[in-house]
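One chain, chain A, links the two complexes that follow: it is found with chain B in the first and with chain C in the second.
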Partner chain A sequence: MISKKQLILRRGPLEYSRIKWLKYFTVLFFIILYAPIINLIIFSFNDSKLNIVWRGFTLKYYLKAFQNETLILSFINSLSIAFVSTIISTIIGVLAAICLWKFNFKLKNYYELSLLVPIIIPEICMGVAMLIFFNSVNWPTFINWPLNLSEIIIAHISFSFPFVVIIIRARLGNLNKVLIEASKDLGATEWTILKYIIFPFIKPALIASSLLAFIISLDDFIITFFTSGPNNITLPVKIYSMVRFGVSPEINAASTILIMVVIISTILIVNFLKYENNSK
Partner chain B sequence: MDRWKVKKRFFTFLIMPGFLWILTFFFLPLAFVWIISFGEKSNIIDVIITGTFDNYIRAFDGIYFKVFTQSILISLITTLICLIISLPIAFLISFSSKKIKTLLLILIILPFWTNLLIRTYSLIAILRTEGHVNKILEFFWIKMNSILLFLGIYGEKIIEPEFMPLNLLYNNFSVIFGLVYIYIPFMIIPIYVVLDKFDKSYIEASLDLGAGQIKTLFKIIIPLIYPGIVSGILLVFVPCLGSFVTPDLLGGSNSQMIGNVIERQFKSANDWPFGAALSFLLIYITIGLILIYSLLNKKRIKEKI
Partner chain C sequence: MTNKENTISSPCISINNLTKHFGNSVAVKNVSLDIYKNEFFAILGPSGCGKTTLLRLIAGLEVQETGEIYISNRDYSNSPPNIRPVNMVFQSYALFPHMTVRKNIEFGLKIDGLSKQIIKDKIIEVLHLVKMYDHIDKYPNQLSGGQKQRVALARAITKNPDVILLDEPLSALDANLRREMQVELSNLQKSLGITFVLVTHDQDEALSIASRIAVMNEGRIVEISTPDEIYETPNDIFTANFIGKINILEGNFKKIDDVVVYETQDFGPIDIPNNKNNPNSSVIGIRPEKISIRKNYSKKKNDLSVKGKIIEWNYYGNINYLIVKTSNNRDLYVHMQNKTKSSIKDLKKEPFIWLTFNVKDLMIIKKNTTQRT
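After this line comes the complex of A and B, so read on.
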């Protein structure tokens, strides 16, 4: 006889999530995945230059990071690059996505394929391409902000607007064409359809894709590393040059700030989307 | 869907910004790289295009060929390790209850939002000589010694009394560890997506008909989730091969990859034609792999019909 308790304890044929070693393995995996980052954040508050053992809580490395002028400048650069490139790549991306959704034309497949190339080729190749391009066309070197960031902004738009196209295009695939036909029957112009049907429909995807564009621009290191000169470094490039001198709590602090900016913007947008859905 | 000729002006307004942008600021720069890869360095800054293949030939001799084979080897090992770890994880996620599933998926995607450079840097603190792994090992070493002392066999020198920290950083191990750490979500997600879609009753049927768990895994599950595995392999292998940050920060002088050689041509050695040729070799390999992948996909779809 099998008691009721044993029956519950016994694993069904498909209850793989109850296999013990699989569970332990997954837990261990997530610990290893998160430990380094959590360690980095914790040790940014550590009161020790060597950063090996815990010596008490301090905010002095954050203060030090905020007093570091090039660090602050690079952070402002990063934010302004991300801001401008997000706006431009969202506009270009939306137009391209609507075009791909609305029209049939020769070579359409090739155009769609060509938009994937910036996503799939190794980042370092794109960085090299941008470096050679801006040098070969004698791109003017601007000294004044924000024009001195133009090269980086252009490079960032090139790799972020294809992401916008993909996300918006996927969303438009779900739009019921009957709506468009009905509005046309009722005499709507292309512009009215765009304003009253298409834009409200793609709004969540629009926000999500521009957030993605913002974050990949803010996080990009390799392509920026090749396109930036001494006068226009971004936060990741600055962190890289600091890392070359070894581990220090100041880098931990700067990194933590970057991680936090990304996490906070994600949370804000997720909440915004939730609010949008609820209000409907 | 409309024919574009019906509304020419509207069509032009929609297509031109994206088309012109990608042409001018992506394909034109790539064309520049391609042209320069057939050039020669005339002095420190100037390059003359001579149509020579020397840069490509140079990539296949001596140390550069070694770097190439080493990069491929490192990427292959990384991909294999990612695959071995991802299978059970993806499996567990797809069989979990809905709430846990969402949580685990968020936990896997979250590191994507963290900068690649920062994640690589965070590993240094863990792996270095006075890092946490070595500290934990040392702790156990001392405990072990005190147990031996307690048992009275300390003098037998079963283990060394002094703990020697392991060299976990600046070698091939740390590069592979770093690459696995960074790219593993790219393997888990595609495998999970396929695994989540397929009909779980196949597994039940196979088990009912007397196949063991292992036989079911190799005869039923793996053939069915094969497309996910192949895309995972592609998504991990390609960025690994072109990686630069991880081998640069975690690797030693003997664990250089193509990315490092390319970077050096532009940032210190100043040999742009050679760097351009190496970049294009990398692009050719990527395109080749994607072509093989799409051919495999086509074949599979045909077989199904």
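After this line comes the complex of A and C, so read on.
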């Protein structure tokens, strides 16, 4: 006969809904995780130069941020870099994914593994490598916008396109090859198959992966820091340089805007992934 | 398509020495085959015999190592699938999941560059033909297996190909629906006048709907014949064993006074009428349903009888599948119709029974699976 105490003790660790203290722990975990971010957002509306005491609601610092020309310029830079690098890395990524899905070639496995290198390599190493690379090939220093962003865009493509490849490759793995055979049998050419069968099938993954590429480009700091000069800084780099002169609510405001862009993009990704799962 | 009737005897598909390996294993070996216009041709064989590969070679979905494929007298040996005048109905239906029934059928027609009105008419016509018009705007995941099958069939028919290839199209359906679809397929083929090539492992399906059957084993075609010939007078021991059950009567051919007889342990020497095959490499067999069960020895001319005891009963309502042990300790399969209500009860009372069959019903079959090219 098992005693009452033993009955309770025999719960498995995964029966978390029966364990009360685990619930409190979860709440605590979320507080620690989100408190700094919520704090940052709240104090961007604080009517005080210091981030310590609440002195009333204001939009003053948002206005100030929008009037800060270099801040706005860096934000425009960030968006432009993210936009261009997303488009290019999505195109390259889709082509690479289709190639890896469709063909078998020598050392294919190693090629697929090599795609992970930009993802797993420490960002600081990647940044230094990029810096040395652009120096050694004597990459021209452009003054004019948008050519002055070329180095950063190239660097961003190099680490964001593997994400596109991996996501689309995974989606294509679910595509039933009999469908391709059936369309060929019905007279379709390769282009027709790409347009009417493959493309509609990978569309959700395509949208999700390009949004992911957009976000990781937008919020990258380390690699961008090493590849940017004085005349082409991005928003994260600008925020970093502002922090060095003390944290003002203006920085809170700029950060909040960046967070909002990223959160909205993430919500879009999640929705598209949901759609993708439903349409299987 | 009007000249189809005029050229019934000319081959619609002509295959020459086709060979295909997958790695080291042979899938199709040296197959030569003529399929005629307006035929319902079945390729029958156990799983892994290469029958699906043969069909995919005809469709162009696999590339052969050697051999030629002629379709309607044109050489399509090296053509990609999209230009061959054949359409396939896949085992898994292969309907496009993101398209409605209408779009699925439209897909093939659009490629042909037909006008919008003609495409619309053709879709409506073919959907009425397969009784799926009510489901025109549904997606494949809203359809049952049988309905998907009909749409897949409609998608192939509407392209008006010279040949429709069916890759085990009914294997995923339940037994009743399968029988229903078999009849419909057969009627459809007759009314359309298109050559159908069916791949199946189901012998009943092949026998009931095909006009000719090719039996395949280990990548080779063992025998090609009409359903009744393949069942009643198979040339090859593989065919005889694969299609239906068979009792092989062990024995040897012997020449006694210029007459060739088959010497068996159970029945003594049997004088085989119309023995055409080379006797030395042949055996004698009898189908289970050709054997009747009696209470007494048969005295009729040409009848052979042996005493036995029923050792296994398999009751199927209309029919009994029995195994009878003869006095020589040999097991024979016997199929017995339940002709009266009391058939079974009467039989079970008997301590032993007599098995009787007519000599004319014996089959002479080649002993070895001789490979034909």
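Note that the second predicted complex is superposed on the first by the 251 of 280 C-alpha atoms of A that agree within 3 Å, B and C clash if a C-alpha of one lies under 4 Å from a C-alpha of the other, contacts with A are read in each partner's own complex, and residues count from 1 in each chain.
One rule holds in what follows: a contact is a pair of C-beta atoms (placed from the backbone, for glycine too) under 8 Å apart; a residue touches a chain by one contact, two chains touch by 3 or more.
Here the structure is a predicted model, which means the values were calculated and not measured.
Placing chain B and chain C on a common chain A by superposition gives a fit, with no clash between them. In the superposed three-chain model, the partner touching more residues of chain A is B, compared with the other of chain B and chain C. Of the two partner chains, chain C is the only one that A:183 touches; chain B does not reach it. In the superposition on chain A, A:259 makes contact with chain B only, not with chain C. After overlaying the two complexes on the shared chain, residue contacts for A:206 are found with neither chain B nor chain C. When the two complexes are overlaid on their common chain A, residue A:111 makes contact with chain B while staying clear of chain C.
After superposing the two complexes on chain A, the angle subtended at the C-alpha centre of chain A by the centres of chain B and chain C comes to 100 degrees, rounded to the nearest 10. Contact with chain C, but none with chain B, is seen for A:192 once the two complexes are overlaid on the shared chain.
The gap separating chain B from chain C in the superposed three-chain model is 11 Å, by closest C-alpha atoms.
On chain A, the surface touched by chain B in one complex and the surface touched by chain C in the other have no residue in common. Within the complex formed with chain A, the chain C residues making contact are 59-61, 80-83, 86-88, 90, 92, 94-98, 107-108, 111-112, 155, 159.
On the side of chain A, the complex with chain B involves touching residues 13-17, 22-23, 25-26, 29-30, 32-37, 39-40, 43, 51-52, 91-93, 95-96, 98-99, 101-105, 111, 114-115, 117-118, 120-126, 128-133, 136, 154-155, 157-158, 161-162, 165, 190, 215, 219, 221-222, 226, 236, 239-240, 243, 247, 251, 255, 258-259, 262-263, 266.
For chain B in complex with chain A, the touching residues are 1-4, 7, 10-11, 13-15, 17-19, 21-22, 25-30, 32-33, 36, 85, 88-89, 91-92, 95-97, 100, 104, 107-108, 111, 113-119, 121-126, 128, 130, 132, 181, 184, 200, 203-204, 207-208, 238-239, 241-242, 244-245, 249, 259, 262-263, 266, 272, 275-276, 279-280, 282-283, 286, 290.
The part of chain A that touches chain C in the complex is made up of residues 176, 178-179, 181-189, 192, 196-197, 200-201, 279.
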